[in-house]
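Two complexes come next, and they have one chain in common, subunit A, joined by subunit B in the first and subunit C in the second.
This part shows the complex of A and B:
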């Protein structure tokens, strides 16, 4: 058996390969990164604790009706705060936004990945990314000043053509259309198009060219290849992108506040009526003049929308990470 | 009845085909004739333009914006690049099998066979019969007949490639182009595909690109040897009966290549 002369141990004996103690410089580097990183975790934890603590008085007093009820009367002798119309409004606006944004985003991604020459594709990508960089207050102001009048005319046309569908029905055309979930949905769509586009673009550009070539060689047209090969292969990734967009839409605050009439008369699906809700916008609208009791109600509202958004984002990242659209190799 | 009978094979020929990608010319003046029911092998070192040439035969380069072409490709006398000819019709008559098996991953075995008809918007008259016939012609029916509903990716690499051949056959092509169809496969799968090629040549014209000299000799009736010197476009150095080209090559460069002196 061979023996190492220096250490006197057998050569066949198993040794550790991991590095020895950190050098002096590395020790400081390690401490600094650990402290900075932990600071971020601590901040998140503190915010969540803050939300819970401040939400608790309202949540414990209101119980489950905080979610489903539709009365907001924070300064009565026995305060009643029920978020139902705002929560449902967030969902309605979020889904409207997603429905409007998805076709735009998928078309844009297809154009960028498959149709445009490289330089033009880069310009198009930059323009769409710029949309994501616009502060939402700017989009909100544009929404009031420029977009609303246009969207109101679209709303009227939708009502005239499709009024027989309950979604597009209005009770009184004289008091409808303006400040409706339809318009808020459009504003939200503008904000989430870049998110869905960039995820879809990524999924499309990871597609195996072999599949597309194969489909073309079988006599596929651009449209049939898109519908029968590209879309099915990338659907789970696109759904993930849509959910990420929905997450953003649910948390959107100031832009919606500008273009939506917040109302506690719940609006389930009549997107053209001038009343709707949005939890985050409601918090912003009430916060300035809130009494102590209402403050707790608004914190509870914040907690609820935080949890909903968190859940949507978690499902989205799960789906996006799992999406393996038969990648190039 | 397009599904149950087979179309007759066609003669394919090229006249002075040159190809450019951007400013770079990659092929010059290729004149070849692929007679009906014959197997033609295209051989030559990497980068000589043989795959590029193959793709001119079913207009696949139209997906590449910088591609340019001169010359004519005649399918039974008709130029497939004439403006009045629809590229989709060309690709239906001239099928293609690729280097890497590329079954559609979201489709079952059966759906893969029918995918060409769906992609090209053709009517499917007797789907079951077409699926069975196509799979039988690609010699894979017995292996998959009990699991036609399974995902195509559940098959082995060799089976996937034969599925792709079957998928092309379902379109009932007159010509089948094969771009190194066995280069990703084991020897057993390669042998089975070579047998399939022999059987198919009874009903269609076949052009196969291969790096494998033995394969060219085993499967082809005639062979074209492509070569591109540095920074010059690819040309056909020699074209003739496979037996002659391998045993008594005329050009010394052909002799060097088929005897393994370069490439």
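This part shows the complex of A and C:
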């Protein structure tokens, strides 16, 4: 019991403030959450360090040509491993996937937010999310058995109609049109449509209604409102969503492995030719029979694709977060 | 933009609309069925141009240039969305149709001992792979869920300035290529001399599950009204008690949703498991040693062989995998629906 010095009377004991910012339990609570949050950085750092250490033998031997060269000969006396065609193939497949997926995703988002009545919109949202939950091995299985034959006939039609454009040109007139970047692009598109759709849908549905109503009041038609109001105000968010999809497409492994002929004869942009590349699929394809030197080469390939997707995803989440200010606390 | 299109559509307009949307389909179907055209040619060469012209003319007649733009906008968004729907239904339909042929009671519980690539479907099954998948995924969950929730707590409850950076890094981890996760654990195994087992597979899935759990848990924690937390703090509760006794119970269903969506994310991951586990044809219940089968690697292995019975096994396992995903996803949906109903009622 504390005693007041002047008067000598007893003071009632001070009530202890339980929820002070320095309360011991809270200190530990926030420390624990901060440690787990910082684990995200630790994880990224660990991945980079471990891959880099294992990739170093190849990276130091090949230098910059690891990224630009086009020879893969790991078991020679002086192993040469250069990833160029696979890296370019990943980019080609990724971009074809994004080109195919974007119109579908924006359409689906527009339909869900602006055209469908509420209950139907909810069902459509569920369907899109379900598409996102499909495992890639299942998509790959479907791709090789069901979708490929259909896509081959689409490829034939585009070749006959548009063969004079270099992109759709095929050297061999009797080409089978199978296992091409075109088909891989479609498969990737199926996997990234839900990603782009969910970002776009959220941005559409949070859009300021006053803008749209104002445009309608000024005599805007459905099309002009879409073209001049909705798209410009949401474009940065949509681009963020597209980049998220691109990041996913660049890292796609199993599904592409089934539907693409991996080749080190580089295929720049002839999307209908039966050869292409994808770094992640190449790693998986070679892994089973890899010698020690090739093991390091594959690690280096993994490091390259990790850094590329990490950069794309960082930019994407930065843009998406900026475009969704209502998500900040 | 017409904000209430149903309010003014007269009966004649409805009939016209129905005609406009059915006639091109009918013409396309006629060409395919009677004309013997290939389906894709019928779709791209006959149906699409006719539909675009018909819709365009209809819109033009209704409201000149404005009508043309609106009609084409509605047609193309509907067309592309239908394409997405058809693709999804095609995936689901083919897996269910083909997988059902392989499915039988013993396919679910038997393992693949004595089964080769040509063994008929009367023998063997995916029992060992189901158990393997469950064990591996459980191990991952035990590590990833508490950590993911702690991250979500950091992102919603603390006042740190690092939150934005943490959120961006976590989100970009969500895009980690699955094969890189496998390579990472392989590199770790080089240093620690871990053997390939269920445990290494679970470790490889961990970086894939963590960001999903963190993101969904963060969103569900954010849905809890801030007043609840403030009231608890005002009553003198320390932050950790406010979290465990007030916020966590309020966000319970959201946290379970985070768990389920995290599970759905990793249950079908193939590449990391191929890199870090060995295939096994017999049942192995010890995730810390020995080869361990799992559903995705089972599909991958049997699809590699060209024999029809192996292909059937792959389809069957894919169907089982899809059922797993469906159950997880469906439960998460139902819980999520309940949660949003509750919060919306509260808001009113």
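The criterion applied here is as follows: the second predicted complex is superposed on the first by the 277 of 329 C-alpha atoms of A that agree within 3 Å, B and C clash if a C-alpha of one lies under 4 Å from a C-alpha of the other, contacts with A are read in each partner's own complex, and residues count from 1 in each chain.
Keep in mind that, in the parts below, a residue touches a chain if its C-beta (ideal position, glycine included) is under 8 Å from a C-beta of that chain, and two chains touch if they have at least 3 such contacts.
Source: prediction; values computed, not measured.
Asker: Quick one: classify A:163 as touching subunit B (first), subunit C (second), both or neither.
Answerer: Once the two structures are laid over each other on A, A:163 reaches no partner at all.
Asker: After superposition on the shared chain, which partner residues are touched by A:215: those of subunit B (first), subunit C (second), both, or neither?
Answerer: In the superposition, A:215 contacts both subunit B and subunit C.
Asker: Scan A:228 for contacts with subunit B and subunit C and give back first, second, both or neither.
Answerer: first
Asker: Return first, second, both or neither, reflecting whether A:57 touches subunit B, subunit C, both chains, or no partner chain.
Answerer: neither
Asker: Per the overlay, which chain contacts more subunit A residues, subunit B or subunit C?
Answerer: C
Asker: Would you tell me the residues on subunit A in contact with subunit B in one complex that are also in contact with subunit C in the other?
Answerer: Common interface on subunit A, subunit B vs subunit C: 212-213, 215-216, 220-221, 224-225.
Asker: Using the touch definition from the top, list the residues of subunit B that touch subunit A in their complex.
Answerer: 58, 60, 63, 65, 88-89, 91-92, 95-96, 98, 100, 102, 104-107, 115-116, 118-122, 164, 167-168, 171
Asker: Under the stated contact criterion, what part of subunit A meets subunit B in this complex?
Answerer: By the definition above, subunit A touches subunit B via 117, 208, 210-221, 224-225, 228-229, 232-233, 326.
Asker: Going by the contact rule set out above, which residues of subunit A touch subunit C in the complex?
Answerer: Its residues touching subunit C are 17-19, 23, 25-26, 28-30, 32-34, 36-41, 43-44, 46-47, 50-51, 53-54, 103-104, 106-108, 110-111, 115, 124, 126-131, 133-139, 141-142, 144-147, 150, 153-154, 157, 190, 193, 197, 212-213, 215-216, 220-227, 244, 247-248, 250-254, 258, 280, 283-284, 287, 298-299, 302, 305-306, 309-310, 312-314, 316-318, 320-321, 329.
Asker: Quick check: in the complex, which residue numbers of subunit C touch subunit A?
Answerer: 1-3, 38-41, 44-45, 63, 66-67, 69-70, 72-74, 76-81, 83-85, 87-88, 90-91, 94-95, 98, 147, 150-151, 153-158, 160, 162, 164, 166-180, 183-184, 186-188, 190-191, 207, 210-211, 222, 233, 236-241, 243, 261, 264-265, 267-271, 274-275, 296, 299-300, 303, 311, 314-315, 318, 321-322, 325, 328-329, 333
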